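For clarity, chains are labelled A, B, C, D and E in written order, and residue numbers in each chain start from 1.
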Amino acid sequence: MIQVIAVTHDSKKVTYTNLDELDITLYKWCWIDFNMPTHEEIDELHNYFHFHPLAIEDCVHRLQRPKLDYYDDFTFFVTHVINPDDFTKEEINFFVGSNFVVSFHYQNFNQINQVWNRLISTDIIKDWDQYHCFYEVLDKIVDQYFPIIYKIEDVLNEIEDNTENKSMDILLDELFDIRHQLLTLRHTVNPMRDLLYRMLNSQHLEGIKRKVPYFSDIYDHLLKLSEMVDSNREITMDIRDSYISMNSHQANQVMKILTIITSIFAPLTFIAGIYGMNFEYMPELTMKYGYFISLGLMGIIALLMFFWFKRKGWF
Amino acid sequence: MIQVIAVTHDSKKVTYTNLDELDITLYKWCWIDFNMPTHEEIDELHNYFHFHPLAIEDCVHRLQRPKLDYYDDFTFFVTHVINPDDFTKEEINFFVGSNFVVSFHYQNFNQINQVWNRLISTDIIKDWDQYHCFYEVLDKIVDQYFPIIYKIEDVLNEIEDNTENKSMDILLDELFDIRHQLLTLRHTVNPMRDLLYRMLNSQHLEGIKRKVPYFSDIYDHLLKLSEMVDSNREITMDIRDSYISMNSHQANQVMKILTIITSIFAPLTFIAGIYGMNFEYMPELTMKYGYFISLGLMGIIALLMFFWFKRKGWF
Amino acid sequence: MIQVIAVTHDSKKVTYTNLDELDITLYKWCWIDFNMPTHEEIDELHNYFHFHPLAIEDCVHRLQRPKLDYYDDFTFFVTHVINPDDFTKEEINFFVGSNFVVSFHYQNFNQINQVWNRLISTDIIKDWDQYHCFYEVLDKIVDQYFPIIYKIEDVLNEIEDNTENKSMDILLDELFDIRHQLLTLRHTVNPMRDLLYRMLNSQHLEGIKRKVPYFSDIYDHLLKLSEMVDSNREITMDIRDSYISMNSHQANQVMKILTIITSIFAPLTFIAGIYGMNFEYMPELTMKYGYFISLGLMGIIALLMFFWFKRKGWF
Amino acid sequence: MIQVIAVTHDSKKVTYTNLDELDITLYKWCWIDFNMPTHEEIDELHNYFHFHPLAIEDCVHRLQRPKLDYYDDFTFFVTHVINPDDFTKEEINFFVGSNFVVSFHYQNFNQINQVWNRLISTDIIKDWDQYHCFYEVLDKIVDQYFPIIYKIEDVLNEIEDNTENKSMDILLDELFDIRHQLLTLRHTVNPMRDLLYRMLNSQHLEGIKRKVPYFSDIYDHLLKLSEMVDSNREITMDIRDSYISMNSHQANQVMKILTIITSIFAPLTFIAGIYGMNFEYMPELTMKYGYFISLGLMGIIALLMFFWFKRKGWF
Amino acid sequence: MIQVIAVTHDSKKVTYTNLDELDITLYKWCWIDFNMPTHEEIDELHNYFHFHPLAIEDCVHRLQRPKLDYYDDFTFFVTHVINPDDFTKEEINFFVGSNFVVSFHYQNFNQINQVWNRLISTDIIKDWDQYHCFYEVLDKIVDQYFPIIYKIEDVLNEIEDNTENKSMDILLDELFDIRHQLLTLRHTVNPMRDLLYRMLNSQHLEGIKRKVPYFSDIYDHLLKLSEMVDSNREITMDIRDSYISMNSHQANQVMKILTIITSIFAPLTFIAGIYGMNFEYMPELTMKYGYFISLGLMGIIALLMFFWFKRKGWF
């Protein structure tokens, strides 16, 4: 579906639903939105706009990092929307020219619709131009990264506290899934941050220079997001190390108990074994207090063992 | 609450408690402090000062990193005060213009009050201007980071020495809490350091250039703090690694004891078991010295085991 | 084998199969391909083209990183093709001059053949020049890195899920082989990326400047590849850490079972041993309910042990 | 104690022991040394020299990193001397102006005294100026870092070889102390290195530019020291990892012995236990060769176990 | 021993074996080689050449990193030769001036001798100058780093495959020795690489600018070497991690066997112990099938244990 808002030089809005009757040279600026376009509509990128084939290729194919490319008569931007449920990424592409912005996306995004509707319904159109439309959509895209990382932080806190008493296996699995998600997030947030940095420091983008506080506000958000991602990755590593340390300490404790029990009972059981032997001539067996002496001996050995481990500081 | 100190061109101080009667153009410079402002007072950022809406948004909302933003007729600064008890961060925001500084904060901070009172009570006002007020508050904010990190170093030393003989679980938990606190601290100290660096090297801030030794003194402190934070994080890692190494070495020792005890007593108990069997025809049982020969055999086996482990260097 | 396509100033194509009759100064541009050259053919690099001996040395010998070298009348490029089966690297070298490109390689590569055939069979030759030939081959070389890393990602996913239930030894071995392959890949992808970066930002390469969108498209691919390699190396580390954590947790569980079993049965077996002794005077043995009392005692001890471990949270 | 060497324009030396009669404007250059100054002497920094209060504050207080600060009429340097015994750091501060150098320190340092005495006793004073005095002291300060790191390397070699056969606990404790010391050293060496780098590349320090080979010789030493510190920290990590690997391998060996012993004797002891039971009707007990058959059975089981572990490659 | 080759302006070679009769100003360029010089010969650095005392100090003393220093009338270079047997480093120093190169070394190096002999025996002297001599020696020095790292890679492959079936202790020891050697190598290769980078990008070295392809060929080798060193250090880390993972996995397996054996036989031995007790009144003992019932009970317990561990997936 192709939708157009064209703004006349006296700030009136005209809308089109196809490109056949649109002559963008007549307008102050236009926003052309390719929303889930058909193959025929995609061809308009070439037939109507005559964009460079490499830009069209990047736009139409999915494997891209957020980036910008300068061409002679337009600038091409790739941005990423993250799906909070499965951490997949979807592109919104923009072609920004001297009096137009083209947005292109294979899904219907609320980030686009909200700005579109506000532009349709609002009166104050004077401050807006094609760069402001681009800014508004970008601002919404970046704002929607925050709930994703907040959710990750919640899960991390839950893993740290483990209020639901999950087993270690499940916790470790969750922890490594979080690390994976943070890695995915970083591969969107960092290129987006670099993209904004290049936009703010570019010599070629006159339209963005007039809006520096606006784009710089988005850059702030991305700097903050990038720090949050890195910091949360460090926290996952800390939790993992904490688990490993705790585990190795606990293993030590378990093994000490095992060793104490074994060390106390092995000699006792051996002594009992000796006097359970059936030799015909065993003088102790016929001694009157033989039984009690042997019990006493066992008691002494048990106490010696006990105090030896006590002095070693094992308990 | 809004409070104002306005300084006339002949260095006299006038104070106001609201903005209705204040005309800042009449004064050499003013300091307007928004201390825990009401909603009506917050609106004055727009109504009275006409600050840019994005600067007001950053000022009013809490999620910010320390930063500076240049606007046409003022510069906007976000700084962080850290609460030493729970490591939460609170913002103090500054708008610095050609003849004014506006400070804005949701809590009552002694860092602000001390400078305010000194300015009120002191006579030597000639050297002061809006930038010097800003410097004095910033200096106090940064000075109060030091006790926080000193406390962390004390806890680290305590963990290392463990004079109170806490259990390993508690020590490891404390250690990872310290790492968390250092991470939090770093996310304040490093952006603050970068903020000061940008202030010192900016082309736009004429007022700061006249005060370079002062702001550069704060920058020194932040460099030192940043190094202390990183160095303490390395020390936490060393302590953790030291724990893990010790633990794995200790586990080895425990397991050697267990193996020695088991290896000595298992064959002895087995031999005792053999002569405890009730077969009718067991020739050894009726031998005169059978019992003593079996005891001797056990002794020899025990000694062989003992010297085998001795030669292995296990004890 | 040497093959030549020479393009005349009125865009006609002439082909040669040796250099004897070729006079490159007569043509707009030529592409000379050294495909598995003989020793005599290799000598033409010096005899016919008079390339610098150091460039010829780098071309003929195999131990090179991807790179470019500027010489007075040509630029020398080394690029790497990766064999997806055994991760060996093979070089394709290029000498690009004012009206020629020489490609040189010891294997027959489809990356070269496809471009060659397309150039032979196609009519639209106007946009092509020696740099465009170079671009087309480079694009194909880089495109063929992707299936290699996709295969690695598949193996990693397979290792993570372990649907075939392989033993840990095999999984760990596969994991470290993957790390090795990623290291090999990084040593091609990163220098290739830096090579493209230098090409795009060079002051010396006028021919590449006219084709910036094309070479910059390849640079995008290499940036993406470099990120994928690093990200996959991080994932291998995560999997390894996850294995170690799981293992140390599992070892703990195993040791707890061992300790519980030992701790319950060691005292019971000891008591049974005591009443298996053959002392003549053992009062308990003649008590009527001695046997049942001893069984009861054993039951109580077993229960105490059981509940002690239960309270410790061991199961 | 304040000591002064003043050099006249015809290269004669005059010494003072207080500042009352000194007029530095009359001399070509002077060196004023504040050696363990009293409070009254410290006040001369302000009263006599009129240094900036922030420079005086940095000079008098101890918490500083090595650094330099430019002021209008002097440059202020903080340098660190390390005490080789307890790794504490002590500052020597320098104020270098157009015709003077002031050195300031709370301890009596041989680094200062040696240069002072050489300057007093030598005749060749023509090449010397305030910057050369500063260079000579700095050279001595940096030269004395080397024995400290040599000592650390000796201890590391001793830990690696362990000729004195110390216990693992002591070795690990020493290792982590070394890491701590290297961290401390790095926090002196790296800022000192950066200080020298800034001195060599500064636009403001005309006097140092005339002595570039001299200060650059010190910079070489600091580069080397910085590499030695980092390299030794890597070696400590390697030793620690080597310990952990060895330990975990040894633990494995211990556990195999334990398992072999247990696995061989557990079934044997069980069989002996069976024929030690007192059931009235146990047919094997009355068989003529029952005893020898049971011994044979035990031998077979022991051999099977033995070869099973042998085939597993456990010994 | 001092040896001189002096080249006249009409490209004739004259040789000297001391400096007494040499007047370098008469020649186009000379190469003076200090091969294992005596103290008197070392003094010529000062007496004959009047080099700066700091350059002479760096030349004569051994503790240097590869580096270059610019002086007014010469440039001073320190380069490192590595002894492949014991990984010790030996310096070759060069002083390169407007018409001379001085080489200085305490050992007799084939890198020097080969170039010297080639220069003596060859006729084509036109292209040579003092910088070309320097290049030829440097090229040989760097070429001889390669066999060292190839040997390291062979040892690493041997450690990975362990065809000689060495014990883990020996392998780990070899592995950490390799890491140590790679660290040593890096401390030569990286400064050498930086040295070449500075030479190629220097504004001061006119003679090197005329030979850029030559020195840049050496720089390529050093880049490659630096990558090989880093990559091999990563591989050592991977091997170490692989050992640790395998070990911890194996420990788990060993412990499972131990636990299974213990868990099966502990209750069986206990039951046998019970019926080995000598209580007068034990009803089971007089039951006709008491013995077989007890054997059956033991069999059932053993099977239950077996299937429990089976269901746990322990074997």
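One rule holds in what follows: a contact is a pair of C-beta atoms (placed from the backbone, for glycine too) under 8 Å apart; a residue touches a chain by one contact, two chains touch by 3 or more.
Note that the structure is a prediction, hence the values are computed from the model and not measured.
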{"item": "Chain D reached from chain A - shortest hop count over touching chains", "value": "2"}
{"item": "Chain B and chain A - chains in contact with each", "value": "none"}
{"item": "Gap in Å, rounded to a whole number, between the CA centres of chain E and chain C", "value": "24"}
{"item": "Chain C-chain D separation of Cα centroids, rounded to whole Å", "value": "39"}
{"item": "Residues of chain A touching at least two other chains", "value": "244, 248, 251, 255, 258, 262, 266, 269, 273, 276-278, 282"}
{"item": "Pairwise touch network: line, ring, star, complete, or other", "value": "ring"}
{"item": "Going round from chain A, first to chain C: chain order", "value": "A, C, E, D, B"}
{"item": "Residues of chain D touching chain B in the complex", "value": "52, 54-55, 57-58, 63-65, 67, 69, 71, 168-169, 172-173, 176, 179-180, 183, 187, 240, 243-244, 247-248, 250-251, 254-255, 257-258, 261-262, 264-266, 268-269, 272-273, 275-278, 282, 284-286, 288-291, 294-295"}
{"item": "Partner chain C, residues of chain E touching it in the complex", "value": "213-214, 216-217, 220, 223-224, 227, 231, 234-235, 238-239, 241-242, 244-246, 248-249, 251-252, 255-256, 258-259, 262-263, 266-267, 269-270, 273-274, 276-282"}
